[in-house]
Structures are given as C-alpha cells and as structure tokens.
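The same chain A turns up in both complexes below, where it pairs with chain B and then with chain C.
After this line comes the complex of A and B, so read on.
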C-alpha cells in the first residue's frame, strides 16, 4: 500500500514539476520577445505618462520575478488578466472558445478509434495478403497528406455531394446542439484521417506481435476460438501499449485542430491564438500557450497512469 | 523416480499415424522443405511416449500435426492421423479446434510467456471452460479449484486471483498443465515442458505429469531433447532424425543398448562423457593472482526514482575469485541471483563492494544466441562490432587477421562471414557469439547457460569448443548452468548460489560428492532423482 501511494505521489510531483518548468519557459519566452502590452492597449499615439501609468496598473514596472509570481498565481486562479486586444478577461475568452476545440478533439478521437481498430484487426488477420496491402498503402497516403489540404479537399467534395452543405456554417452549442455537433463532424474527420492511419499502423503491428506470442499459441492449444482469443487476450494486451500512442494522437489532434478551425472558419482556440499573435496580445498568448501545454502534459500524465493501472505487472509491483 | 507399473498401458492405439508426410512448399526465397517423411507410429492408450531428436528433426511438427496447430504454410501431402479410429485430417477446422482441450491437451516449452500477463490465472482457466460451452459459473469455479488442487496448489482460491508475474516458473508450468488437463483429455502433448526449468522444478513437474497419467488415465506424448528427463519418465522412446524414425523401443532398450549408431551418438553427446568428448581442461594455479575477484558484492534492482537502491537486494555479500585457466561452474536454482551476478561482473548493474576485473575485456556468451545477434547484419559486421573498442589502433591487416583467427578458433568456415544470423543454426550462432568474445582476446569468459537452448549434439560441440579455448588460450571461464553433467565434465571448481549468496565454493569433486550447504544438497538430490 505504502509503495502504491508513494508511486502516485511521485507521479503527481513529477507532473507539478513539469508544469512549473512549462510556466517558467512560457513566461521567459514572452518576456524576451520584443513588444509592450501597454503600447498595444493604448495604441501608437499614447504619451509616456499614459504608458507609465498603465504599466504601473498592470504591474509591468515590477521586477520580473514578481511579475512571474503574480502571473503564476493567476494561472492557478484562472485570473490571467485582461486581453490587450479584446479588452475582456483572457479566461473568459478561452472559456468561450474551448467547446469547439474540445468538441472537435473528442469527435476526432472517436473517429480514430472506431475506424482504426476494426481495420487493424482485419489487416492483422492475414498480414501480407491483399486486404492488408490495400489498407497499408491507403494508410501511408493518408498519413502523408496535411490536414489543411484534406480540409480543403473535403469541403469541395462535401459541397459537390450534399446540396445542403455550406462551408463555414457554425451553430453555438447553447443555441443548437445537434447543429453544433453537425458542423464539427467534417473538420473532425479531416483531423482524424492521418491519425487513423497512424493508429492503424501501430495497432496492426501490435496485434500481429501479440498473435505470435506464446500465450496465444497456448490459448489455441486449449481450443479457444480465434475470436475469443482476439477479444479476451490480444486486444487487451495491444491496448496497454496503444495507450501511449493514443495520448500522442490526442495531443496531435489538438494541435491539428488549431489549423483546421481556420479553414472551416470555426471560432475555436486556433482562431483565438492566431488573432492574438496578429495583435501582439501577450496576456492572451501567454495564457493560451500555458494552458495548451498544460493539457498536453496532463494527457501524457493520464496515459502514464492509465498504462500502469492497466498492466498488473506495474500496478502490483 | 522408479517406473510405475506398466499395467496402465492398454494394447490398443489411442493415436495411429501412418505415412505422414509434411512439407513446407517452395516459395520465392526457399526451396521445398520436407519436414516429416512417411512417418508411421502409434501411441498406445495409457503410455508415456517420448519423442527425442535434435533440433530440426521434426519432433515439434509431429505434435502440431496431431494437435492441428500447424503453421499456415505447412502442407500435409500424404498419410493419415487417426485418433480413436477417427481420421483427424478429414475433419474441418472447427471440429479439430473442439478436440483441443477436450480430447487433446497441449503444454508448451515457455511457461514464462505462455500465460496472458494481463489476466488472473483463474480467469485464464475460466476462459477455457467458457469457450468449451460450460456456462454455469459455480461449476466452472469448482472445476478450476479441483484441478488446481490436483496439480499441487493447496489454496486454489488464492492462486485463482494471482497474475502470472506473481508466480514462479514451476508454478506457471503447473497452471499450464492444469489448463491442458482441465477438460480431462485422453492425450496430453508436452512440447519440451521442462527445458526452461531448473532441476528441482523439473523433477517436480515430471512427478506431477506421471501422477496425472495414472490418476486421470492420460496418455502422454513427451517431446524433449533432455535425455535425462526421458530416462525415468517415458515407457517407450522414439528417436527421430530428419523427419524419419531412426529407432523406436522401450526406454530401457534405447538408452542401454541402442541399435542405431545415430542414437548411440545422441546418447554420448547427452551424457557429456569427458573421455569420449575430449573435454580436458587447463591446469590452474590458485597461488596465482586471480583474474576476477569479487569481495562482498551486493546488487539490487531499483524500482522507483526515489526508492533506496538496496531495497530488494538480489546479491548480498558475494565473495568469489577465479584464477587464470580455471573453469568455475556456478549452479543454483532459478531466481537465486546467478544472472544478476553475471550482469554485476560485466558492470551492467549498479553494485556495492569490490570487484577486481581483469585488464582488457571480459567475454560474455548468453543463453539465447537468436536474440543476441542483430538479424539485419552479417557475421562479419558482428565481429567488427566486437572489435570496436580497439579498432582505432589496428591496421586493416590486423583486423582481417583477428577476424580470420577468431573464426578459425571457433571452427566456423570463413564463408559464413557474409551470412546473416538467420541463415545459421543454433549451434553455429553460439559459435559466432564465442568468436565475438575471442576476437577481443579476453582473460575471462562468462558463459551464462550457453547450452540450454541447444540440442544435445550442438551443446556437446559448444562445450568441447569452450574446453578447447580454455586449454589452448588459458582463458578462465565462469560457466553458469543448471546441468550437473556439464559441471562434472569440465569445471575444476564449482560455486553454489542460494538466495543471493554463495552457499558453497570448492573444487568440483568435493561439492558433488560431499556437499556441505543445504542448497547444494537440495540441488544434487533433485539431480540424483532425475538420473537414478
């Protein structure tokens, strides 16, 4: 028991240490980049007195270490200050855009799992045969196409095929939830496609590897059917190793969504980030960069913990 | 182990194999390969039939043919296999699968990896019953408890909840046996079930199999290249070579007066008789400075980043020395720390205490020559790689000479240099591993069970080779093994390990004739039972 609690505590300590480093790097990066938040807010015509006053108000005249500690405190209380460009709190800007990005990521992940798993099982049944070859080649092609190209192609294709489809349409989730999900489907699919190829490739070789293992041979010797061996033995074992891959896929999906949102004209984190960059909105950018890094670190952490729970060899050590 | 009465054997055949011919058809890379050539033999109801022969003789394929578990590219071109009069080869895949577990049980070689690591062992057994259509939960649980008791677990409830990694090798093999006989099959096929177990465990597993044979009236087909396991266990033995039967007779007749010269050669190799095998070794001088000195060496595997390094000591206070020219045997049951000691001596493990290593390099030969060599590269590449630490100071001619010399020393033809590991046999790969040691001119070679994955003939050849290297080059060898024959044949001294300590370390005759430690007595007792 003591060992298990120790394991969890040490994992959480690792997580906190990583986040601290991430926050420090983010802060230092934005302190080094040239640009002045007060100047952005007041515009080029502001007088020196006005700038000094605003700097004092924002705390920008204090030593860097104090600024960092203030900012760090703000991260934990979701008080990131006001956006220089939009004049509203950064936290509320992020909260407003989050549903689109999170929604797209979840739908894309569902696409990845629902499509890549059956395909990899089919492919791994008879490696090297025609079906496997076709899937593998298709996978390579999909893997090589960048998501924004896929997005453009899919918009053209969807417009041609469905008369009701209108590119760039968006419904707010609180107004029309099915419509909101509907307008996320195609962009999610575009983000998911290369990841489907990646997960397929990994799962396929993992299943082939498990199929060659001694315990599968043994289960066959006991007269278990292939299907039973697949469901009860092979897939659970493949899943343990797939957890890491899926966490990487998920963080890739998040990154991918930033670009695809732009193509589909969806008001998500990606658009917010781009407009923040265009207007040198440092409070907004530093907050977003930190939270994106935070989600990524959290994903890997979750994968790590899940992996150790799923495998009794680690769990019961 | 005394032979139990032969009354249980009935003079009818449970399985009859006639003219069985099995081929791997030619594909793009390889020509057609005949694995079994008109094989004909019967398995009598109630007997324990041994099937022996070197690697590649077709033993395993014979089993897989009977069980219906042949690889997809193998083709049976001729012959019949009849089980209780039913023709197995005319059945479809589903009918044959239904027979597995119910009529025919199978046990494989590797208990370490033959159980699903994510599943409790009870659940694994439950899967077998479920897939054979037994739906009543209480009945399944009772049957599993019963069979766990039968195979020697006193507390089935506790074992049911264990994961494979929480069990020892012997316990895992018991679980696998439990799984194989769970549905009371008439025939149990054992494909080298003891070859990865230590002697004490081997004896226990053979006892168990024999008991099952009597109590559950199970007929056993027992494949092995370990003749000592066959000796007191099988009623009859079939000797196979190149897919054909060389000789078939009662165990006694085969082992005592083999009629076929091939069988005789197999037996000589298996016995490792020093006189016939030319196993004389170098004289060593204990007055000399030792090539290796371990003083109070401790080592541990650290689990966590912040845990104390010595939480779980695998070695605690090991003292040992090896002198120039000495061959020291290191024996002990599985898990006693032999391999950890090897890693520590090689500097692959963090350790405390004093280790004085010889100047220059230490050679190492490991158990599994398949995974020790890089399949993507030629033998020449491997030898050059071994030279890497000293290659800078050598001229091209020096390197060439060193490579030729190493290959000649281990008796490999120079034409093998351009081949890849998968084109070599197990024995040849082990020779490459030894050549990779010899090329660095070590004063000490550590051989960690270098024979256990080889058949008797290759094992004898590799042993001869190591003895010759020791004699001619005065290289000291630390030989880790669980085969007492090998110790007796070549080792001048032997150390017995138990629970991370050296329990006894003396000249071979002393240890084998008058063991003083409990660990040594236990090991030798099991050995005696196996060979009596």
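After this line comes the complex of A and C, so read on.
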C-alpha cells in the first residue's frame, strides 16, 4: 500500500511541475511576441493616454513576473480576464464552446472502443488469415487519411446517397439534445476512424502476444473455453497497453476535433481558436492553449496512474 | 511470424511514393495547362478527355492545379523534417553526451513542448508569426524537433558507452569533435524511421493548417488549400475534392508503408 500511494504522490508532484512549466511556456510565448492587447481592444485610432489607462487597468504596465503570477492565479479560479476581441470573460467564451468539443470527443471515444475491441479480438483469433489481412490493410489505409479529408469525402458520399442530407446543421444541446447528438455523429465518426485503426493495431498485437504465452496454453490445457480465457485472462492483461493507447487516442481526438469542427461548421473550441487567431486576441489564445495542454497532461497522468493500478509491476520501475 | 514481410510494404510504399514524387518532378517542368489560367467558358466541368480531373469554379484545370500543389506539399514536408532533424541533433546529442543538468534542462523543455497538442502549437505559432509557407515550415520544424531530440539522446547515450568513444575521449579529442565526427554519423540509421514517419505527420499537419487558411497562402496552393477552396462546390463538383484528397492520401500512405517496412525489417533483424 505504501508503495502505491508513494507512486501516486510522486506522479502528482510530476504533474504539478509539468503544469507549472507548461503555464510558464504559454505565458512567455505570448509575452515575447509582438502584439498589444490594449491596442487590439481600443483599435488603431486610440490615443496614447487611452492606451496607457487601459494598460494600467489590465495590469499590463506591471513587471512581467507580477503579470505571470496574476495570470497563474486566474487559471485556477477560471478568471482569465476579458477577451480582447469579444469583450466578455475568456472563461465564459470557452465554457460556451465546450459542449461541442467534449461531446465530439466522448462520442468519438465510444466509437473507437466499441469498434476496435471486437475487431481486434476477431482478428487476433486467427492471425494471418484472410479476415485479419483485410482488417490490417484497411487499418493502414484509414490511418493515412487526415480526419478533415475523411469528413469532406463522407459529406460528398452522404449527399450522394441521401437526398435530404445537409452538412453544417447544428442544434444547441439545451434546445434539442437528440438533434445535438445527431449532428455530432458523423464528425465524431470521421475523427474516430483513423484512431480505430490505431487502437486496432495495438490491441491486435497485444492479444496475439498474450495468446502465445505460457499461461494461455496452460489454461487451454485445463480445458477452459476460449471465451473464458479471453475475458478472464487475455483482456485484463492487455489493459495496460489499452490504457496507454486510449490516452493517446483521446488527446489526438481532441486535437483532431479542432479542424473537423470547421468542416461541419460546428461552434466548438476550434472555431473559437481560429477567431482568436484572426483577431490576435492574446488573452483568449493563451487561456485556450493552456487549458488544452492541461487536459492533455491530465490524460497522460491518468493513464500512468490507471496503468499502475492495472499492472502493479509498473510501480517498481 | 505470419506478418507480411517487409518487402510487400516497401514495394507498395515505393509505388505510392513514386506516383506522388513523380507528379512532383513532372510538375516542375510541365503541367497540361497553366495552373492559374482561368477560363470562364469551362467552369466546373466534370472530368473529360480535355480536362482529366475536371475544372474548378474559375475554369482552372484541376489536374494542373493538383500537380502544382504537390510541389508545396512535398517541399513543406521535407523542409520541415530537415529543420526538426537539425534542431533534434543540436539538442539531443549534447543532452545524451553531457548528461546531468544539460540533459535535464533540454529534456524538460522538450517534454513540455510535447505536452501541447502539436497542431495547436503549430497553429498558434503560425498565427503569431503571420501565415506564410515559410512560417509553416518553421512552426512544424519546432513542433517535431522534440521527437528527433529524443531519438538522438537515447542513441548518443548508448554510443557513449562504446569503446571507440571512450578511447577517443582518453586520446583527448574535444567533445564537439567526438559528437560531430564520431557520434552523429552512427545515429543516422536510427533516425531513419522517425524521419519517414515525420514526413507523413508533417503532411497531415500541413494539410490541416492549409485547409484552415493558416498554411500556404494564395495564389500558391498545397493539397490542403485546394480542399479548402473547393469546399463550397463539393457536392456539385466532387472531383475538386476527390483528386487532391487522393494524392494527399497516396503520399501519406506511401510514407506509412515505407516506415512499416523499416519497422518489420528491423524486428526481423533483431530476432
């Protein structure tokens, strides 16, 4: 028990150190680049006095270290200041766009798990057979298609097949929840497909490796059914690689949704990021960059901890 | 085991790459039409003998546009990988060679860069520097540098233990010379898989960035930019989307196949 808590504590310390460096990098990057938030808010015609007054109000006249500490404090209280371009708090802008991005990520993850698990089990039963070959080749091809290209092609296919299909519809979750889920299905599937191929590849080789091991042969010798061996022994032992792959897949899904959103015209984080970029809205951009990196770091942290619970040997390394 | 041999992957990969790189080389000297020549009389024409890949909303020949776009896609992927490789060598070798605080500092920086989703970092970097082809190359080079730095660091740490390096140090050869003359050439082999995969991933990123309008700027166009331009016409003129997509997929798939071939071959060698 002591070793387990010790491992988790050391991981948490590592997580906090990483987050601190990430926040520092984000802040420094946005401080050294040219661009003045006060100028963006007031426009090109502002007088020097107005600019100075706004800078004082925003705290931009203080030394950089004080600005950093203020910003860091704001990160924890979700108070990131006002967006330069929209004039509303950054946190509320992000919160407004979260449902689409999170919804898409969750649906895509469900697709990945529900499709790649059965396929990899099926494929690993008889490696090298026709079915396995077909899946593997299909996996390679799907992996090579950028999700936004897949989205464009699927829109073309869908409008050729269904006359009523219209891309770019969106329903707000509070108005029409089934409609909201419905308009996220195709984009999520397009993000998920290459990741299904990736998860399939790792799961398949992990299951094949387990199947060749001594304990599976032993279990077979004992007369256990293949299904029981699979559920009780092989899958639990593949958990560690599954957890690692899924944490990578999730962070890729999140990043992929930034672009795919744009194809389907969905109001998520991706569009917010693009409008922030177009208007050089640094408070908004730095907040978004930090939170997206934060989620990524957290995912890898969760994978480490869950992996150590699934396989206690990891803690010893 | 029963896995396909590396030969199949190499053959398939080189055929696909041959198509794209062949198109790229031909486009340097010849395209069927001027890629930017507009012709109002032949707008949005379906593929025909005159225009094999059809025409776009300005009557430009899609085949010529696709051929021209291969130039930008291929150039950006190679230039970006070159920058990432050089940065990776410059940071990874000293980190592995000196160890200690040099190593810790460089690794902390590169691990932190890897915390940010690559595409986000590249987008913001380009947004800040202003969208242009060269800024895309720099941004992608920076984003991918940590991957190469890791490979260089591990390789250097391994080579450092070898007798010939220890002898070289005892003989009083300077560290920069050991790193550049004795370590660097021996690392190149282990960098090959990362380089090929890097080319594929750069292309994925670049196409996404160009699609969002933050990559190659008009009048130039890469495959991703062609896709962005044709989006409004895609249901009326699907060929505008299909042909650039196909070339993009062939290029990435070819690179993946070659890297898979390298992986399978090295595994066989190890056993």
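We adopt the following convention: the second predicted complex is superposed on the first by the 308 of 317 C-alpha atoms of A that agree within 3 Å, B and C clash if a C-alpha of one lies under 4 Å from a C-alpha of the other, contacts with A are read in each partner's own complex, and residues count from 1 in each chain.
One rule holds for everything that comes next: contacts are C-beta pairs under 8 Å (C-beta built on N, C-alpha and C of every residue); 3 or more make two chains touch, one makes a residue touch a chain.
The structure presented is a predicted model; accordingly, all values stated were derived computationally and were not measured.
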item: Partner chain in contact with A:209 - chain B first, chain C second, else both or neither; value: neither
item: Contacts of A:304 with chain B and chain C, given as first, second, both or neither; value: neither
item: First (chain B), second (chain C), both or neither touched by A:228; value: first
item: Touching partner for A:293 - first (chain B), second (chain C), both, neither; value: second
item: Comparison of chain B and chain C by chain A residues contacted; value: C
item: Touched partner set for A:96, first chain B, second chain C, both or neither; value: neither
item: Touching partner for A:218 - first (chain B), second (chain C), both, neither; value: first
item: Partner chain(s) touched by A:259 [first = chain B, second = chain C, both, neither]; value: second
item: Chain A residues touching chain C - in the complex, by the definition given at the top; value: 18, 21-22, 25, 29, 33, 35, 127-128, 133, 140-141, 143-146, 148-149, 152-153, 155-156, 159-160, 251-252, 254-255, 258-259, 262-263, 273-274, 277, 280, 285, 289, 292-293, 296-297
item: Chain A contact footprint on chain B (complex, rising order); value: 67, 69, 97-102, 105-108, 110, 112-119, 127-128, 130-132, 163, 165-166, 176, 179-180, 182, 303-307
item: Chain B-touching residues of chain A, taken from the complex the two chains share; value: 6-7, 10, 213-215, 217-225, 228, 232-233, 236-237, 240, 310-313, 316-317
item: Footprint of chain A on chain C - complex, ascending; value: 1-4, 108, 111-113, 115-121, 123-124, 127-128, 200, 204, 207-208, 211-212, 214, 227, 231, 234-235, 238, 241-242, 245, 248-249, 252-253, 256-257, 260
